[in-house]
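Below, chain A partners chain B and then partners chain C, in two separate complexes.
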Partner chain A sequence: MEKVLELKKIRKTFPGVVALQNMCFTLKKGEIHAIAGENGAGKSTLIKVMAGVHIPDEGEIIVKGRQVQFTCPQDAITAGIGVVHQETSLFPDLSIMENMFIGRLPKKGFFRSVDFAKMKAEAERIYAMLDIKMDVIKPVKTLGIAEKQMLEIAKALSQNSEILILDEPTAALSIREVETLFKIIEKLKASGVSIVYISHRLEEIFQIADYISVIRDGEYVASAPVSQVDTAQLVQWMVGRDVDEFYPKAESDIGEVLLSVSGLSDGSLLRNVSFEIREGEILGFAGLAGAGRSETATAVVGLRPKITGAVLLKGKELKIRKYLDALENGIVYISEDRQRNGVTLPMSIKDNITLAMLKHICRFGVINRKKDKEVAGSYMKQFQIAAPHMNFVVGNLSGGNQQKVSVSKGLACNPRVLILDEPTRGVDVGAKAEIHDMIGRLAASGMSIIMISSEMPEVLSMSDRVVIFRQGAVAGCLSREEATQEKVLALALEAKVTEVQA
Partner chain B sequence: MKKKRVQEKTIRPPEIKYTHISIIFGLLIFTCILMSVITDNFFSTKNLTGMTRNFMETALLALPMTFIILTNSIDLSVSGTVAMCAIFLAKINLVTGNIVLAIAITVITGILAGALNGVVVGYIKIPSFIATLATMFMYGGIAQGVSQAETLTGLPKTFYILGSGYFLGLPIQLWIFAVAAILFSFVLRRTEYGRNLRVIGFNPESAVYAGINVAKVHLINYVVSGAMAALAALIFVSRISAAKSNAGVGYETDAIIAVVLGGTSISGGYGTVEGTILGILLVGILRNGLTLARVSSEITTIILGMLLLLTIIISGNTGGGVIKKHKKEK
Partner chain C sequence: MKTIMKGIKSREGVVAILILVIAAGITMVNPSFMQWSNIKDILMNVSYITIASLGMSMIIITGGIDCSSGAVLALLSLCCGQLAKMGLPLPIYFVLVVLLGTFTGLVNGFIIVKLHVPPMICTLALYNIYRGAILLVTGGEWITNLPKSFNIIGKGDLLGIPNSVVIMLVVVTWAVWFMERTEPGRNIYAVGSNASAARLAGIRVERTLIGTYMISGGLLAIASIVFCTRFTTIQTNVGENLHLTLIAAAVIGGTSILGGSGKLIGTFFGAMVLTIIRTALVYLKISTYWDQALQGALILIAILVGMYNLHRASKTVKGGVSG
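Right after this comes the complex of A and B.
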């Protein structure tokens, strides 16, 4: 079969990180080629290289035998590569046909007015090709998620794409909608379109893909025809890392149950989530992106509305309506997105650290300036925040130091339960070790710690127990001894454990 | 010696724009010199007193406006509130003959008017520009309806002290403003509320993630703004010894210009009460001095507009500040 797209030895770096290295990928005509990998393995970066969003530092991109150099997304579109993104980029108030041709509306006549008749005919032709029966003048806001997804596919096809990249197309779809989508994909395949298919759901890959490539830590691992691999093989390729060398955990005495959450639902993603945590325990939250880990944490502390669910602290039910209620009960959440809401970038280190606990150093609302400086100074010293002085703007600190400020802000509230959401994301190795050391010491001092992390080795080596989330529900809970990378990943991916062990 | 100064400079709190304030201070001195050259009687006691009396109502409105702009919001409705309060004061006094009751109801009206703004902006989350534009029309319309476009008079003589009396040789309203300014400055510098204002302006989401009740802060801000508008209305009616439904017209724009000239970022977070005071002085002196120099008020308004644009461009105080720089680095 003819090769339509070939990537050779692609290397892409961002300041301080190597995102892709030695990446190879070959797509044949009329093939459905799945790409699998853990969170942060480099799938998104790879797609963006194919789509001309990221320009690789090294390596070759060959489209239909011709070497190309994409400088912008338009180049990739011209070369016949269309991308259907995870989040749709449609204009809700425009019609289906306008969305399909936005930016290149057909024009006619002296005044170059929009040729609606031609646009409608064209849009209808593409929908007919995909076997979708729908009025193309309907506004997009009336469409469901699946229909929007199909419109995105149609849009890519209307640009004469011969290569279609589908990034997690089924993430938001129901089972029946997935079936419809698969029929369309099959139809495209039959008409000679090549498809790159990204999905976390392994059973979908087995159902639809012809070929699979696995990537890990930004590098190509292996590829094989789907008919020749099984789940166990895939998981092994995706994991393939030695766990033991990472972060030894400090010993701590585990005490009574401190916080227990039961029957937590939010009406959209979370379904009946229950877990409990003891004093001095580190509870890891594992799962894929969007599985409901952060959502559970934010719903517990009142940052996200919940419909049902009880939160008990030492057996006493708490009424948490807003975050302040959680703070006052000693439950602190440290955000995963520190730039957005973890710290206030333009403010000083001092003001950031004391922000959430300011009430405790105020008399009649007036800040005790001496205590304000003392608190900030003690955390700056304790965490060795690298800055010339405490009035230094947080936005000018490195990622690791910003994270230390964010954690200091939480700890200054004197928490009994500390929820850390991706505490080491985007920090360098040194700062990472310091943060792990700190988490261990806090647990040893009797604090209960919930650690949400997408880094499997981090979760496994730090946690006393691991709760695994899948599609908004708890898929399982493993003790430190039981938890292996394979078991956790299998639970997160809904593959059967026995299958993996076999 | 020099080294020490540099060090002190770097450990200043980051939320104050020193460059901007220096520019405004320089401008202020330049304007004073200019006025003494182009007019004969700018520095006469009579003129300075008159100028102070004329501009203190706007100055009082600029203080809560500083807080509101710090949280990345705006209050356009203050002119309407002033008009409504002024008319209520005169009307109730005419009907009941009880000035104390009239004052009480006026103040309550101002607070309620502010509370409505606060609820709409803070809790219903309507963009403040639209919300207060709507209430500006509502309050102004009420003033026109109640007054039937007539000038209302008949207030007791003793009431005029507020607008034309002296205390220790200075106009009474200057004292009122001084006390208010010290209070606002203290709240912004030293209290939890003041720090919350900045956080909300810089990043409302991180404010929520620090347990701050953002809606409540907006509500308090607008209630204070409404109360200050009522106070301004009392002073206005007392000063001109009558109430008209066009009282307060243009107050909101002058107050906003004073705040922004004074270095408060229109997108929130950065700013000081001291800067606002400089802004008030600059706007007040320009308006008065140019009138003395027989420049028409339209030209004065044009000059103010140009000045506002220029200072913002020169000082680069377009908001964003650190975040913008940071994004670029990424």
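Right after this comes the complex of A and C.
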């Protein structure tokens, strides 16, 4: 078969990070080629290189036998590469056909007015080709997620794409919608379009792809026809390294069960999630992006609506309707999105730290300024927040120090259960070690800590137990002794869901 | 000494120095500017603007805006006069007016927060509703024949200092203390700079927002009393474009139009700058027709300065303190 796209020895660096190295990839005509890898393995960077968003530092891109140099996304489109991103980028108030041709609307006449008749005919032709029966003058805001995704595919095809990159196309789709999407993909394949298919869901890859390539830590690992590999082989390729003992192990006495959650469902993603955590324990939440880790945490603390599920603190059922209810019961959630939900950038370090516990140092609403300073000062010292003084504006701190402020704010409320969502995302190595050290000390003091992390080594070395999520449900729970990278990943990926009580 | 230097370098300090510079400049051209009678006049003129602009500042800090203030001032002034004419005792009708003002704030807050109407649209609509209602009820007629006691606040004084100025100083002190030293005050800053982080800190965001509009309404009521008790008749069209003056005072005083930051002492100074410039036009024999254009220009300059600082700050974030 003819090679339509070839990447050779691609290298891409960002300041301080090597995102891709020695990356090779070959796509043949009419092939569905899946790319698999852990969170952060470099899948999105690779797609962006193919789509002309990132310009590689080294290496060759060869499209249909001709070496090309993409300088912008338009170059990739011209070369016949269309990308359907995970998040659709459509204009809700415009019609289907307008969305398909936006930026290159067909024009006619002396005044170059928009040729609606031609646009409609073109759009209908493409939809007919995909076997989609829908009125193309419908506004996009009336479409469901699956229909929007199909419109994105149609849009890419309308640009005469011969290579289509689908980035997690099924992440937001229901099982039935996935079937419809797969029919369309098969149809495209039959008509000679080559497809790069990125998905976390291995069962989908086995169902639809012809060929699979695995990448890890920004490097090409292996590729093979799908018919010749099994899950175990893939997991081994994806992990491929030993957990290094980089993170400190927390030594703490594990006590009674403090918080237990059972039968948590939210009607959309979460299905019957149950787990419990003991005093002084660090419970890791592992799983792929979108598997329901953060969703579970936010549903527990009342930031996300839940349909069923009981939250018990020391055996007593809590009625948590809003976050304040959780806070008053000593359950603190520290968001993964530090800048949006964690710190208040224009306010000072002191004001940020005491914000959530202000009522405890107030008398009739008047702030006790001495205590205000004491509390802020003690956390600043304890976490070595690097700033000239406590009235320093948080917006001017580095990411790691902002994270320390965010954690301090949560800790100042004196929580019994602390939920940390990606506590070390985007912080440098030094601050990371300090945050790990701090988590260990807090657990040793008897606090129960839930740590959500996408970094496998972090989860494995910090946690006393690991709860693994898959597609909104608990896929399993492993103790520190049992948990290996292979086992965790196998649970996070595997198609068969075995309900394990955590 | 260090704190003094820091104070001078801050936005409020700059505005305070600006006031002194303007005053000194005018005095050099026309020494009669520094007469006590004139200073007293300026302070009396600034008193109601300051009180009302403190409320506006709080609202802007939450990320909102209030364009209905002028109509509410007219409405409350007329109510104040009418209640006085009905023979109610002075403390009673003052309290009633303040309650009514707080209620108009509640209306604003409810529509904005609970019904999710953008603040600008909601308050512009209410501006027109109030103006219309005033004309419908009064038929455009002024309120006259007010009882003598009516002018105690507006015209009276305490040890030579006009009552309105005393009230202003008390209100400024309270407002600064409220925003700096109390829990609700700090919550207002938190909600204005990052509502979702505030919610995650357990702050009742909706309650804080509605409360801010109510406090602002109450302050507007006090401003209305200070304003209307200076006159023996109350016109129906008072307070035209008042909201622009209030926004100007807040913004000149360093309140970020994007919400989240600003000091109320700055708002007081901002109101002073506006009033002094307005009076200065008379002393410098410049047509008062310049007043409106100057006010607009000042708002623009103040916002440009604010945006420039913001831009500069966002640049330093990347290279900020590391660790």
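Keep this in mind: the second predicted complex is superposed on the first by the 489 of 502 C-alpha atoms of A that agree within 3 Å, B and C clash if a C-alpha of one lies under 4 Å from a C-alpha of the other, contacts with A are read in each partner's own complex, and residues count from 1 in each chain.
Rule of thumb we're sticking to: contacts are C-beta pairs under 8 Å (C-beta built on N, C-alpha and C of every residue); 3 or more make two chains touch, one makes a residue touch a chain.
None of these values were measured; they are calculated from a predicted model.
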Fit or clash - chain C, chain B, common chain A: clash
Touched partner set for A:A431, first chain B, second chain C, both or neither: second
Partner chain in contact with A:A386 - chain B first, chain C second, else both or neither: second
Chain B versus chain C as contact partner of A:N401, first or second or both or neither: second
Shared chain A contacts, counted only where both chain B and chain C touch the same residue: 303, 323-324, 327, 333, 335, 340-347, 351, 355-356, 358-359, 362, 365-367, 369, 388, 392-393, 395-396, 409
Contact set on chain C toward chain A in their complex: 181-184, 186-187, 189-190, 193-194, 196-204, 256, 260-261, 313-314, 316-317, 320-323
Residue ranges of chain A touching chain C (in the complex, touch as defined): 303, 323-324, 327-328, 333, 335, 340-347, 351, 355-356, 358-359, 362, 365-367, 369, 384-388, 392-393, 395-398, 400-401, 409, 413, 428, 430-431
Contact set on chain B toward chain A in their complex: 10-15, 190-193, 195, 198-199, 202-203, 205-213, 269-270, 321-323, 325-326, 330
Chain A - residues contacting chain B, complex: 15, 303, 322-324, 326-327, 333, 335, 340-348, 351, 355-356, 358-359, 362, 365-367, 369, 388-389, 391-393, 395-396, 409
